Amino acid sequence: MEILGHYHYWVFAVLLMIGFYALVAKQNLFKKMLGLSILQSAVFLLYITMAEREGGTAPIIQPGVADQLYSNPLPQVLILTAIVVGISTMALGLAIVVRIREEYGTIEDDEIRRMDRRP
Amino acid sequence: MIVAVFGIFLLTLLVVTAIAIVRSSDLFSAVMLSGIFSLLMAANFFVLDAADVALTEAAVGAGVATVLLLGALALLPTDERQGNRHVGLAALTMAANITVIIYATHDVPPLGDPAAPAQQHVAAWYLAHTPELIDIPNVVTAVLASFRGYDTIGEVFVILIAGIGVLFVLSGGRDQLLPKRPEPTLNTALKHHLIPQVVGRLMIPFIILFGLYTQFHGEYGPGGGFQAGALVAAGLVLYSLIEGEQAALELTPPNLLFGLALGGALLYGAVGVIAMLLGGTFLDYSVLLSDPIAGQHLGIIVIELGVGLSVTGVMLTIYHAFASRVS
Amino acid sequence: MAAVAEIVCWALGWVLLTSGAAFVLIGGIGVLRMPDLYTRIHAAGLTDSLGPILVLSGLMLQVGNPQELFKLAAILLFMMITGPTATYALANAALMAGIDPVPAESSRPDREQVR
Amino acid sequence: MTLASQLPALQVVVPLLTAPIAAAMRPRDLAWLVTCAASLTAFAIAVALTAGALQGPADTSLRYDMGGWPAPFGIALVIDSLSALVLLVITGSSTLALLAGRRAMALDIEPHRQPLFYAAWLTALAGLCGITITGDAFNIFVFMEISSLATYVIIAAGPERRALTSVFKYLITGTVGATFYLIGVGLIYMMTGTLNLEDMELRIAEAPSRGPVLAAAGFITVGLALKAAVFPLHVWLPNAYAYAPHTVTAFIAACSTKVALYVLLRFDFMVLQANLPEHAAQFAGYLLPLALAGILFGSSVALFETHLKRLLGYSSIAQIGYIVLGAAMLDRAGLTAATLHMFNHALAKGTLFLAVIALGLRLGQANLNLSNLWGVGRAMPWTMGAFTVAAASLVGIPGTAGFISKWYLVSAALQQGPWAVVLVGVILISSLLAVAYLWRVLEPAFFADSPATLSEPIAHQSWAPLVILWLAAAANVYFGLAPQLPVELASRAAAILTAGHGAAELLP
């Protein structure tokens, strides 16, 4: 039962770290953006997991059904917001990456660093 | 129990996909995999009884995000030069972080626990009082649009600033903001491929119809302005892919799209300001009409419309900002 | 009588679901085992067309209410239109990109690994 | 409701809703005008709110229920002395930078991009005000993202291509910081079932287990420290400051890291430490050494830096160290010093960057290496005069605002028992280093022989930037001679932060 009850949280931790690894270790700026989106998705998972309720349904009130259990609407609302924030960040980040490519001719971090060091 | 077992299957796939995204050196495959990642995530949200979030993740994460990534990738080199840096540092932080999180979560309430604090207090209040205070079936929409409407206006401005930002950043070093008249030869994409063109034309009206259904059915079922905006935008992106960039820009001129984005955000804000003028606090829809519940309904419909317009406008503006650069 | 019909629907539904799942599985194995892109598309087409058709028909037999039946039918129609189109677009794009099919006599898996 | 009771909402709504209007403005000059008007209105509202916060007892606070829903169910705005002080800093620096920077921005940014730029500026302003004023943990995240995205946009307006790489690094760091904050809020929500900060404070004590809350405290502290550029998480800051347009630097250097620090203080002291005594010791145990290291590191690197804006950026890292140091003392005196230094450092650093705007108009955007500043003091005596006043304030010369907060900081440090000597020693050494690195700017500017590198002015000199610059410099002196207002606000803020706080006597 311990495994079933907490597996979601472990996956949250693992996804978070996969995203983090891509951010730290990958040189390619586009790959970093993908890593960032994995990182953010991991947090969505955390919130939606805590909203789940055993025997519940999606929080859409069914008229006339007494004693129906619903999952928690609040974290779902928060994550709707967070998803939109995520896509906004990604769009802006991609625009910056495209401009970096136009100015530097590459999107590999270490090459850019080398070009910056040689003024 | 079933949920948990099924969840474990989906989650394991999710981890495998995430690893594949990071490891893949071909960025095109990485983008496709990230689309799969979002779909798996959406399926997972659905299993966890979060219908609205699942719909949003599918429309935004798997749909719009993939289109944006492809649009950007068309302007970028598509293979990653191999070679990782700081691997030791990354591994160390990862190990430390995983330990902290697993320590933190080992005594949190397990999945689905009805006695968990998160299920009490505010959440229980929302579920109990939405029927009498707002009287719409979808509690997610009620919380999103009314109880936490101030968060949602912030969200609209986040997406608006993303649109403004993409236009601003991509216009660097150019003499115009928005593509006025692209080359006729540019990006004629599927013009000469009969089957996708015919099928695409067939699908577009249905996609937009579904978008409108999502927009106006959001009080009763999963949906709302964000999902609708993303769906309508997806339909119009499909149009642009089939008929070419130029035809799409003639159908929806860039100024119109940007105007929609600004106008949607202002419409949302105007509802709040009108509520202030009528003697309520900002975004207090109850004062809009003499009957508070009718006022709530009116307020929610109008702000959801504002959100939908703004999201459609911003998504298409961003798409065209990338697509019109491909030469 | 109604009860018998229900049981028949339920059983038939499970048969369709299971066979649909089997086709999806076979398609998946095919994608891994086939030697070149075009044959792999063929295998993937199986997961795109026959699999969902069987699975969705199975589900349609099992749900009772007409609203859900309609939704499932709409999804089925949608998949029957988009699936083949996607397969076509993929094959067409591959051909345009200059990927040649592997000739029949050399289509051994080990050859694929060398390439 | 009266206009006065609507002020908390208007503080955010005015700049927020003006942003789309500014983006649509034609002709383009109107965009600047509209932006200035909105920023001035926001400043006026902040002044009115401060006046309100100063009336009545020390822990007085003004509340506003968004959407008419009561606090834990809706989103509440809370204005007390602490948020009033930060609001003054944000709106003041935005207004001064806008007024002083019109010409510089007209040169830096092509006319057709200007409406978008000003819209982003207003959104950043609204986002920062929104973070400061809200009483809801998730709402902080939303407005943090608004302000961050808008800040990335206005930094990316920088004329050199390195602005893009700097802003990309800032984007990654900022998003990771915000994500960590979001994880922390999620873990606390799991344990308390609420998002309202005050409600959280009450319910955390009843949390079924401590582990998740402590981990949440870690995530929130690290996330906000990333945003606030607390050493050693500062790497994004110097380049982001250096390659942004000068006007943007004047705005964000004065307030964006301060706002992250403000959230850190509010969250840590009011929500976490009040209920977790062991967390107070952890907070001090980790942050005190980091603050000391940051002070010494920032000042030392500034000593060898050759680019004026990067030098000032490293100096900011040291100054952020002072603020964290004050907070890590955990007592009222330390917190008073920390909040006071937020105000005074914003004043001094803002003035220095306003002077940089004027220098940029004369020398060109890119020529701000120290070697290009030779003789500039004689060519531009008014600009460099104001720069000198602000530099004196940054060092902490008596008679300037910087002296007041250094004085409070040293007095607070002296109460720290056996550690007092170390703390005071570090503060004194760092002040000496500050004298040294600022002298490296001022000495050649005034006394070097060769003004040969000075080319013809890039732009026709105008009086507006100088007037604004001297206004800011005069404020540095005024708040040094008559510091009642910021001191009063800061001591009230410290009282609010330590209220109901059993850990005030816990020393590291």
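Chains: A, B, C and D, in written order; residue numbering restarts at 1 for each.
Keep in mind that, in the parts below, contacts are C-beta pairs under 8 Å (C-beta built on N, C-alpha and C of every residue); 3 or more make two chains touch, one makes a residue touch a chain.
If you're wondering where the values come from, they're calculated on a predicted model, not measured in any experiment.
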{"item": "Interface ranked first by C-beta contact pairs", "value": "A-B"}
{"item": "Between chain B and chain C, centroid-to-centroid distance (C-alpha), Å", "value": "29"}
{"item": "Chain centre separation in whole Å, for chain B relative to chain A (CA means)", "value": "12"}
{"item": "Length of the line joining the C-alpha centres of chain A and chain C, rounded to whole Å", "value": "30"}
{"item": "Contacts with 2+ other chains: residues of chain D", "value": "138, 142, 145, 149, 152-153, 156, 189-190, 195"}
{"item": "Multi-partner residues of chain B (each touching 2 or more other chains)", "value": "101, 105-106, 108, 116, 118-119, 122-123, 126, 148, 151, 154-155, 158, 161-162, 165, 169, 172"}
{"item": "Touching two or more other chains - residues of chain A", "value": "16, 20, 50, 74-75, 78, 81, 85, 88-89, 92, 96-97, 99"}
{"item": "Chains touching one another, given as label pairs in label order", "value": "A-B, A-D, B-C, B-D"}
{"item": "Contact set on chain B toward chain A in their complex", "value": "1, 3-5, 7-8, 11-12, 14-15, 18-19, 21-22, 27, 30-31, 34, 37-38, 41, 44-45, 48-53, 56-57, 60-61, 64-65, 68-69, 71-73, 75-77, 80-81, 83-87, 89-91, 93-94, 97-98, 101-102, 105-106, 108, 110-114, 116, 118-119, 122-123, 126-127, 130-131, 137-140, 142-144, 148, 151-152, 154-155, 158-159, 161-163, 165-166, 169-170, 172-173, 220-222, 226, 311, 318, 321-322, 325"}
{"item": "Residue ranges of chain C touching chain B (in the complex, touch as defined)", "value": "81-82, 85, 88-89, 92"}
{"item": "Chain D contact footprint on chain B (complex, rising order)", "value": "100-101, 103-109, 116-123, 125-126, 146-151, 153-155, 157-158, 160-162, 164-165, 167-169, 171-172, 175-177, 258-259, 262-263, 265-266, 269, 272-273, 276, 279-287"}
{"item": "Of chain A, residues touching chain D in the complex", "value": "16, 20, 23, 29, 32, 36, 39-40, 43, 46-47, 50, 74-75, 78, 81-82, 85, 88-89, 92-93, 96-97, 99-100, 103-104, 112, 116"}
{"item": "Interface residues, chain B side, partner chain C - complex", "value": "193, 195-196, 199, 202-203"}
